[in-house]
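Chain lettering (A, B and C) follows the sequence in which the chains are written, and residue indices restart at 1 in each chain.
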Amino acid sequence: MNRVFALWQTAVGKKVAMAVSGILLVAFLISHMASNVLVFTAPEKLDAYAEWLRGFGPLLWVARAGLLALVGIHIAAAWQLTRMARAARPKGYARLEHQVSSYAARTMRYGGVLILVFIVFHILHYTTGDFHPDFVPGEVGRNLVVGMQVKWTAAFYAISMIAIGAHFYHGIWSVFQTLGLNHPSWNRSRVTLTLGLTLVVAGGFLSIPLAALFGLLR
Amino acid sequence: MHLDAKIPAGPLEDKWDQHRADLKLVSPANKRKFHIIIVGSGLAGASAAASLAELGYQVSCFCFQDSPRRAHSIAAQGGINAAKNYQNDGDSTWRLFHDTIKGGDFRAREANVYRLAQVSTNIIDQCVAQGVPFARDYGGLLANRSFGGAQVSRTFYARGQTGQQLLIGAYQALERQIGLGTVKMYTRHEMLDVVVVDGKARGIVVRDLVSGEVSSHAAHAVVLGTGGYGNVFYLSTNAKGSNVTAAYRAYKRGAGFGNPCFTQIHPTCIPVSGDYQSKLTLMSESLRNDGRVWVPLKQGDHRAPGDIPEAERDYYLERKYPSYGNLAPRDISSRAAKEACDDGRGVGPGGRGVYLDFAAAIARLGEDTIRERYGNLFDMYAQITGENPYRTPMRIYPAVHYTMGGLWVDYNLMSTLPGLHVIGEANFSDHGANRLGASALMQGLADGYFVLPYTIGDYLAGTKLDAVDASHPAFREAEAEVRSMTDRLLAINGTRTVDSFHRELGQIMWDKCGMARDKAGLEEALRRIPELRAEFWKNVRVPGAGATLNQSLERAGRVADYLEFAELMCRDALVREESCGGHFRTEYQTPDGEALRNDETYSHVAVWEYQGADAAPVRHEEALDFEFVKLATRSYK
Amino acid sequence: MSETMNLTLKVWRQAGPDAPGEFRSYPAVANEHMSFLEMLDVVNEGLTEQGDDPIAFDHDCREGICGTCSLMINGTPHGPKRAVTTCQLHMRSFKDGDEILIEPWRANAFPVVRDLVVDRAAFDRIIQAGGFISAPTGSSPDGNAIQIPKDDAERSMDAAACIGCGACVAACPNASAMLFTAAKVAHLGLLPQGQPERERRVLSMVHAMDEEGFGGCTNFGECQEACPKEISIDNIALLNRDFVRATLGDRESGVRRTAVM
């Protein structure tokens, strides 16, 4: 534990914490996305899936606490790294040309804030039902479809999914870099893998609000 | 001035071993009581500072750059010689020694050069251990290449950045000692005087280039590793900051200056493009391994190089020196280029250039091989000239590169001023009248790693050194002199910039004391330099203040010293009525235009002793005895 | 043959570390064969003749190897050309009428000394912390006693080409010194001679880097693009891997180094 704490104390360590928490969150999102698209087959399948998850009882709460902790670590590291970066250049340039860094990379911090707002909204929307027009506990598939019928909500979801995609794109590539997973023979594949994963996960999520907006999800 | 070279007796092969056995030692417990100042952090300075600190001495190291890693050794491209005989091509300590003595046109000390060849092998071992990424063959063993003036492959290299990698090695060793607290490093500090107490060098006066503060530092011994003075010509391959100030001010305090006229003009540099030119860029001599040097056969042939047929080209080095061809030593290659251009056959703007052509090598080996060998140099050439050297031949011209002359030192690397040791390019010792390629790195590191650490101990153990600190009146006086010179420079407020004087001085030196010299020209230079100096002190404009970073002031101090030192060079060149190595007096040449040495009269080191501002310096001689090699006319035909 | 160009320079002027700074405009005349620094030399000669203070800027070898020159030129370290230092940048990269904005490197760890001159001693201190192989003079085996695969030597050399100019820090939106530090970690860590101290080295250097006040690396890749020696960010991945291994690994050094923190 001493060593983990030691790692955390350095900028590199904080990045490692971001990478590890990020990977685990990505893994969660993959399963989350995979279950969500069940809605295109039949909303009831989603209900069954939810029922199955609830069957884990207290373990579900452990998982939820775990996810929350991951988000917490991710944000704490980002916060501290941002502060370090600001302190590292107290006086900025009159002009700084970005040569290669992607828009995704440069907006990680803002995108991250947007995603945080989204997560809070998302929980109040579909988990507690506070923001839902007609929330019925247990009817997950129906709740999803009904919730998406509100135009601005669907639009907000769509925008947030694009933000998550951008965040993913730089984040996943960063994971390779930060954890030192590189080798000349497959460095090119890192980009392909990153792009593929981003398109699948963000695309999968995005399909639902888009489908709703175009009236395909009823 | 008493010149005792302190060369040990005995057979050449045993001199250094015997000498090491005879040198007095300082016990480990006593080493930390001795404080040594090292000025300069290039290959010689950094390696000496690190090695002495490892031994346990207290070391202070000073450099004018913002980091010791930036010293100009870093720019050496081609490589470092060592008599390893890894290539099984017949190399040996003797052969490296002999090549170096011959390359120096028999104007270097046998004992010093032999020692240099002996320790050359240790240098490679040391650098490998430090992590210098030398080029290797597929078997994982060290690779070698051949270099000008040698018929064996004994040059170790790290792409075209050998100097950089060796300096980084020494710098890392130095930084390690700084981290351990055994070396105190002063960056952006320029040495402006040596302080002599009771006839011994006991410290220095420096100016902090950031704050302008002038301060004194006392020690038991002072070591100068301050490089060469090629910038006396204004245009040279040296870094802009390279200067003679430390060496020259030591000379004014009593250190003899050896062979100041021995300067090396490097044959392969990018030609001058205009009057704003601030420096000349070297293209490594290693290019001559695969490039062929030529000019058009006819005068005033302005056709594009590709349009000139083979039969109308003069590959003059191959023609004149068939056994060495394009690998003839630097002085000879440079002079041959000058002759071709003087003959009206030069190429490029102003006709001051010759071609270095890779077409044959590309046809033989393929462009990829050439790119692998010289890619970074080709890129640099393209960057500077805007031309593609893979398609059209490079244009090159000689430029001032290295100074063999320097402060005179004995076999222990101590100058005529007791306690003042001089290492690397700053001393005069090992290259005679011409340095062979890849030998400067060897000498700098030999001095710093493997010679000075032994010999300085002998001085410290065998000399009575009273306690002296920076409050001693000699320090106060020297500081006052430094301040007064700074104040004078700032007060002139004339109309001409420092650089304009430096340029004018450089032109005089290049014309009259450059690749070819004669009596009339040198006498003219000796008339014009004092006039220019007088004008400088009346009419220079040094803007800004003393108590701040003031780059004009830094340059002004250096140019002031060059304006005096240039005269010493010309005097030396005038008195040496022979041609040898880089010193070519047009009056003394063979019928076919080769240098004509005069061993009867000039087989000696000329050592100049300062006599005050208004008196001519006195010339002393250290005879060079050639016990082990036969003096011969240098022939590369 | 060479066209004269008339340029306007907007240059950061600052009298000292604590003085306020400002941009000032200067006209400049150049031709395409001049280097960027020669163009500044000509401006400075003019300023001196007019009785003005010349612009202070760092430079030395002027052949792209000493790493002394710097300058943020139109928002890019060492100017618009790839893989080139300011001293090797030539005016043919600009055209008549251009306005050129010249700023110093900006980072907390690189305080401005005067005008365009900054203090990069933080880099030296990172090297002091561990950027070396402890090989005291005289202690080494024969150079060929250690065989090094050519590819390893080449990769090490790629990293060792770093000139310590600071362009990586200057270009990084976080002002991170990761590329500089990683280049040294890789240079020595890729060689057999560097193995005994490999873990110690990376631990000490990373901590020193943080202590100097550089920002963290967030994998923008701007450093690699700005590097005049084209040093790859693959070296950063290597540093990260070594650092994690050294901190969490079996050896004691990870804990020992952190114990003194």
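Here is the rule we go by: a contact is a pair of C-beta atoms (placed from the backbone, for glycine too) under 8 Å apart; a residue touches a chain by one contact, two chains touch by 3 or more.
The model shown is predicted, which means the values in this text are computed figures rather than measured ones.
Shown here, the protein chains touch in a chain-like sequence that does not close on itself. Think of the whole protein's Cα atoms as having one middle point; the chain whose own Cα middle lies nearest to it is C.
Distance between subunit A and subunit C, defined via averaged C-alpha coordinates, is recorded as 36 Å.
Per-chain Cα centroids separate subunit A from subunit B by 62 Å. In whole angstrom, the spacing between the mean C-alpha positions of subunit B and subunit C is 27.
In subunit A, there is no position where the chain touches two or more neighbouring chains simultaneously. For subunit C in complex with subunit B, the touching residues are 1-2, 15-16, 31-35, 37-39, 41-42, 45, 47-49, 51-54, 56, 58-68, 81, 83-84, 88, 90, 92, 113-114, 117, 119-121, 123-124, 127-129, 131-144, 146-150, 153-154, 156-157, 160-161, 163-164, 187-188, 191, 193-194. Against subunit A, in their complex, subunit C makes its touches with residues 23, 72, 74-76, 101, 103, 106-109, 171, 173-176, 206-207, 209-210, 213-222, 224-226, 233-234, 236-244, 247-248, 254-255, 257-258, 261. Touching subunit C in their complex are the following residues of subunit B: 47, 50-51, 54, 65-72, 74-75, 84, 86, 122, 124-131, 133-142, 156, 158-159, 161, 163-165, 168, 171-173, 175-176, 178-179, 185, 187, 210, 237, 239-241, 273-274, 276-279, 281-282, 349, 379-380, 383-384, 386, 449-450, 453, 495, 497, 499-500, 541, 543-544, 548-549, 551-552.
Residues of subunit A that touch subunit C in their complex: 2-4, 6-7, 9-16, 81, 84-85, 87-101, 105-106, 108, 170, 173-174, 176-182, 184, 187.
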